[in-house]
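Just dropping this structure here.
Residue numbering begins at 1 within each chain, and the chains themselves are lettered A, B, C and D in the order written.
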Amino acid sequence: MRDRELTERRLDEAAEITALLRDLLIVRRAEERLSAMFADGEVPGFIHLSIGQEAVSVGVMRALRVEDTLASTHRGHGHAIAKGMPLEGFFSELLAKNEGLCRGRGGSMHVADMSVGMLGANGIVGAGLSIALGSALAHKTLGRNAVAVAFFGDGALAEGLVHECMNLAALWKLPLLFVCENNGWGEFRPTSQQLAFALGDLASAYRIPHRIVDGNDVVAVAEAAEAVVRSIRKGEGPAVLECMTVRVRGHFEGDAQKYRDQAELDAMTERDPIRVVCERLAACGVNDTDLDGLTREVDAVIEAAVAAARRGTDPDPVAARHDVYTDGAAA
Amino acid sequence: MTEIRYLKAVNTALSDAMDADPSVVLMGEDVGEAGGPFGASRGLLERFGPSRVLDGPISEAALAGAAVGAAMSGLRPVVEIMFMDFTTLVMDAMVNQAAKVRFMFGGQTSVPMVLRTPHGGGLGAGPQHSQCLEAWFAHVPGLKVVCPSDPASAYGLLRAAIADPDPVVFVENKALYAMKGEIADPPAPFAIGRAAIRRSGTDVTIVAYGAAVHTAGTAADRLAERGVSAEVVDLLSLQPWDEATVLASLSRTHRLVIVHEAVEAFGVGAEIAARMAQVGFDELDGPIMRVGAPFMPVPFSKGLEAAYMPSVDAVLQAVDKTLE
Amino acid sequence: MTEIRYLKAVNTALSDAMDADPSVVLMGEDVGEAGGPFGASRGLLERFGPSRVLDGPISEAALAGAAVGAAMSGLRPVVEIMFMDFTTLVMDAMVNQAAKVRFMFGGQTSVPMVLRTPHGGGLGAGPQHSQCLEAWFAHVPGLKVVCPSDPASAYGLLRAAIADPDPVVFVENKALYAMKGEIADPPAPFAIGRAAIRRSGTDVTIVAYGAAVHTAGTAADRLAERGVSAEVVDLLSLQPWDEATVLASLSRTHRLVIVHEAVEAFGVGAEIAARMAQVGFDELDGPIMRVGAPFMPVPFSKGLEAAYMPSVDAVLQAVDKTLE
Amino acid sequence: MRDRELTERRLDEAAEITALLRDLLIVRRAEERLSAMFADGEVPGFIHLSIGQEAVSVGVMRALRVEDTLASTHRGHGHAIAKGMPLEGFFSELLAKNEGLCRGRGGSMHVADMSVGMLGANGIVGAGLSIALGSALAHKTLGRNAVAVAFFGDGALAEGLVHECMNLAALWKLPLLFVCENNGWGEFRPTSQQLAFALGDLASAYRIPHRIVDGNDVVAVAEAAEAVVRSIRKGEGPAVLECMTVRVRGHFEGDAQKYRDQAELDAMTERDPIRVVCERLAACGVNDTDLDGLTREVDAVIEAAVAAARRGTDPDPVAARHDVYTDGAAA
């Protein structure tokens, strides 16, 4: 496919990579914590974890600035945390507290933080793409040098809206990055049974540059994202970044994944993003990464957020009723 | 009589309908191998094979549209839309195609399809996985809409919906899936358009459908303790709905309360109330009261959601108000 | 006071709003070079340029969805959907996104967008180009819905809708586009949520909106000839609607007739009737009558369509009925 | 792009080509008649004519059998007539008579005749594709050796539904022929301003064989359609036939097309399908085609249909109300 010339800056400094590792660990440990709390019945509703896919969130976010925006999916914890949603507001929301960023009204599937440009997780597969499209349009129209990012899963590719958005983004040459987290699954079936096409071929039909990257290698994702975002920021129009990754947990917590091969499940650990980033560090000569220490450090931050969230209060139904409209009217 | 769960009643109705008529096919996301996201089609792929149980990609609009074309060409498709909230994506297929084909083509053909979809809250599923949007479909000439309240009506109405020559929106309630209930052996179809009097009474008529029937029933129990005799009418069908039965009940009790889980404003209850304020006006001895969800999205938090869902207390207050 | 046409009022409101606020942008199929399929955006591309007047492809869902994202990111988009029948394609954007963003994100942001779309029959446009579907949107918490009846309200409500911080569905009526009417100079915004009493009367209240306001007005003329004094209330806003004004009128006349072009069953009139049968019950001296389209698709033939559209005679019959 | 081996039978017999010419003339003259009646105010509503595009309808239909089905568009007269909808029922419908095939309830945008597999014109751009998809599914499931055809315009390609249908048709290997009538316009703007992609590239992404053909050459369309339909009928799955054609009239009757170049308008006559087919006949040695005579013959048939339609009666509102549901119930 026709591609733009992209100059990639190599991320070879150990410090940069260590920072990415730390970010990965934050998302990972936050979700593992949630998983445990969910099993204990402390988290209401249902939750979709991005465990195994964190490198996509962390890697892409490294290329973004605070004024850049993103629209996310049902599996949006990683996007939210990596974009900078405060952990306390995050956990408070997941625990349905009034102190949650969405005041306990949205929960896992609707985490959002406008102050960092995180325009929301979304319960409707595909819907985030059109929101990101509109955000990109606003960036362009208002002359901001900002980029909008649409995260979506491979299963979402079957939604017609995705295609409408690709066509529009290309037509209007919008500063929009499409990030597909291709984990091979849409709910309980492989996406190979759901899609008759490859994203690369589709993007190529729309003449949108497409890059495929190892979505479990945060350094690879970050490098690719940085190059692609730079070109978008220059006004060269949309691009697609397809991150090949692995959904480690079930579709949602509680899904025993009986439909998956044991071999596939076993193989997953090898490609674990944390393991991969440690190998990256080793490759640049850092063999003494103190993963346990880093984990403890991250855990302390997470524990503090969880503790604060737990101290939160229950949202007030009357206040909620008056927040449907800006003018506070309630029917 | 056997006791089965609501979900199993749906499953059995699908299975029996497929046995009875080889033109019945199922389509939807994960309806096949996975047996349906809630388990409604468990075992059916194994029994009927992949040409009759079609696992579809995440393409609601195309699946519903395909059902219309398939129904015009000899099949009787049953499409599952995973949450009623996602019916936003099939409105064109249902409203501009399925509902209108018979009429706008001069009666040349009809569209014998069923759209199955679960509505309702109470599970902490949040604003995009809990809505009750049946009033939209009830407003569309050419569609039928049913909403069973228990296993027997789930079975009976689903068989009737699949047998119906016209498009039917079959609304299930997620919170009722686990509910157990008696069902005839062999189970019987229910006629679309007929309400059921779930409990006879003389002082007030409470009309409800879906899960709200049980809220109404509990309210009636409590009212009985207080010496108020409530009649509970379970609509079962929303389009067409059983005006005659509601009017007859109102003519006995002279007071009317309507309960549903959907947002009160512009909900199904509005039509019932409006009709009774016309054709039943002379029978009314008190204001027509409605109990529905407040005008807000379904919130995630348990506390907020509990305050959102129409409660037994709200029904009691409404009854008090009309008896004043 | 100047006299302008309804379509020109819409056009002027768009133009004035774009002048007043550089964040207002238009999007839709052929809204740019062609000036809009009905001419509502004539001249605006020339005045405001292609970055503010965006000709879109035939992708209603993406355009509406993009409006949501754009509104969350600092623009005030006005999206045109060519016929209200095509809003079937934007239900997800409007209902699951636009309507819910403010609430479900805890009030962090709102969605200042407007969806403009024409409804209504009478032009022989047939079943897929004539529907009045506003009741759907009025049932959705988080959306506002307005429906002007003349040039002044078209201008005033459109300015208000564009200025509103929340999503507004702005429903025009194709059959009114050519209508002329007086408009203040400079023209004024109308407050969303306020009805207008178009004619005062003492014997019966006729509530209507959109084109039906004129049907109601003609009926009131005829009633006056017969010595019946009808008050005509033009709702203007359907969500929120002006319950206080309707109730006050009913409290004066004690009889209520509701008229709209949409299908009667489960239409907007059902909610008005239901509320009045509750909060206005003690004021009612006769049944609440509704006049709306029958429960069928909008037919193509002129004769069928004429029989379909709510008529002055039907209003008169309804008035007679409630005065009986 | 990857394509199937298609053996084309050459249509070189003058008799076959003359039959096609006659079919072309029927569609052309019927629409010209309509155009005149519309100008006289005799046809209510609004109408979209396929003048200039008749070769697509006639050519594709030549490859179809009565049991094959098709779903059409807002510009569906040609599809209806060419598939075999009787002219009398057609004109009666356009004149909103009770004798119309749709009893005067549908009109131009909803002409349909189930008895010949014409599943309806459609007022919703793109909607016909999913209806044809479902019809193809029925053919396959019920073991019929029939094909379903979806006609659509190039403008429709921007609708997401189109993409969902292509994916599904490919996934389920349905006997579905996608026929794009690419006339370069979607309402009042060139589709080059509406689409960032070419249909061929899109089809190729979905791995659906795609052929492009001169849509103004009925012989070329017929040959291509026959080859493609044969392969579909053999069970080889869907195919796309893209017919490059010309919209001679405005988007709808009454559209003055001020937005079009005079040069473009002038050039159209050269590619007129009727002229092209006469050239074809000349190429096989037939130089004495009596076009005027044939036209008179066709006109007589059309006049008879129009006259019969005019004698029709107005539909009855009460009967209509009872035909919303099969059981005749009215609300």
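As a convention for this text, contacts are C-beta pairs under 8 Å (C-beta built on N, C-alpha and C of every residue); 3 or more make two chains touch, one makes a residue touch a chain.
Predicted, not measured: the structure shown is a model, and the values here were computed from it.
By number of C-beta pairs in contact, A-C leads over the other of A-B and A-C. Ranked by how far their CA centres sit from the centre of chain B, the chains are topped by D.
For the pair chain A and chain B, the distance between C-alpha centroids works out to 37 Å. Centre to centre, using the average C-alpha position, chain B and chain C are separated by 29 Å. Centre to centre, using the average C-alpha position, chain B and chain D are separated by 40 Å.
Taken residue by residue, chain B touches two or more other chains at 56-57, 59, 61-62, 85-86, 88, 92, 96, 103-104, 126-128, 141-142, 265, 295-297, 299-300, whereas all remaining positions touch fewer.
Shown for chain D are the residues in touch with two or more other chains, namely 102, 104-106, 110, 122-124, 158-161, 164, 167, 171, 193-195, 320, 324, 331. Across the complex, chain C meets chain B through its residues 85-86, 88-89, 91-92, 95-96, 99-100, 103-104, 126-128, 133, 135-136, 138-142, 239, 262-263, 265-271, 273-274, 276-279, 281-282, 284, 286-290, 295-297, 299-300.
Those residues of chain D that touch chain C in the complex are listed here as 44-46, 96-97, 102, 104-107, 109-110, 122-126, 155-156, 158-160, 186-189, 193-195, 259, 314-315, 317, 320-321, 324, 330-331.
Against chain D, in their complex, chain C makes its touches with residues 29-30, 33-34, 37, 55-59, 61-62, 85-86, 88, 123-129, 265, 294-297, 299-304, 307-308. Only residues 69, 71, 100-106, 110, 112-115, 119-120, 122-124, 127, 129-142, 148, 160-161, 164-165, 167-168, 171-172, 320, 323-327, 329, 331 of chain A touch chain C when the two sit together in their complex. Note for the complex: chain D touches chain A at residues 158-164, 166-167, 170-171, 193-198, 201-202, 204-208.
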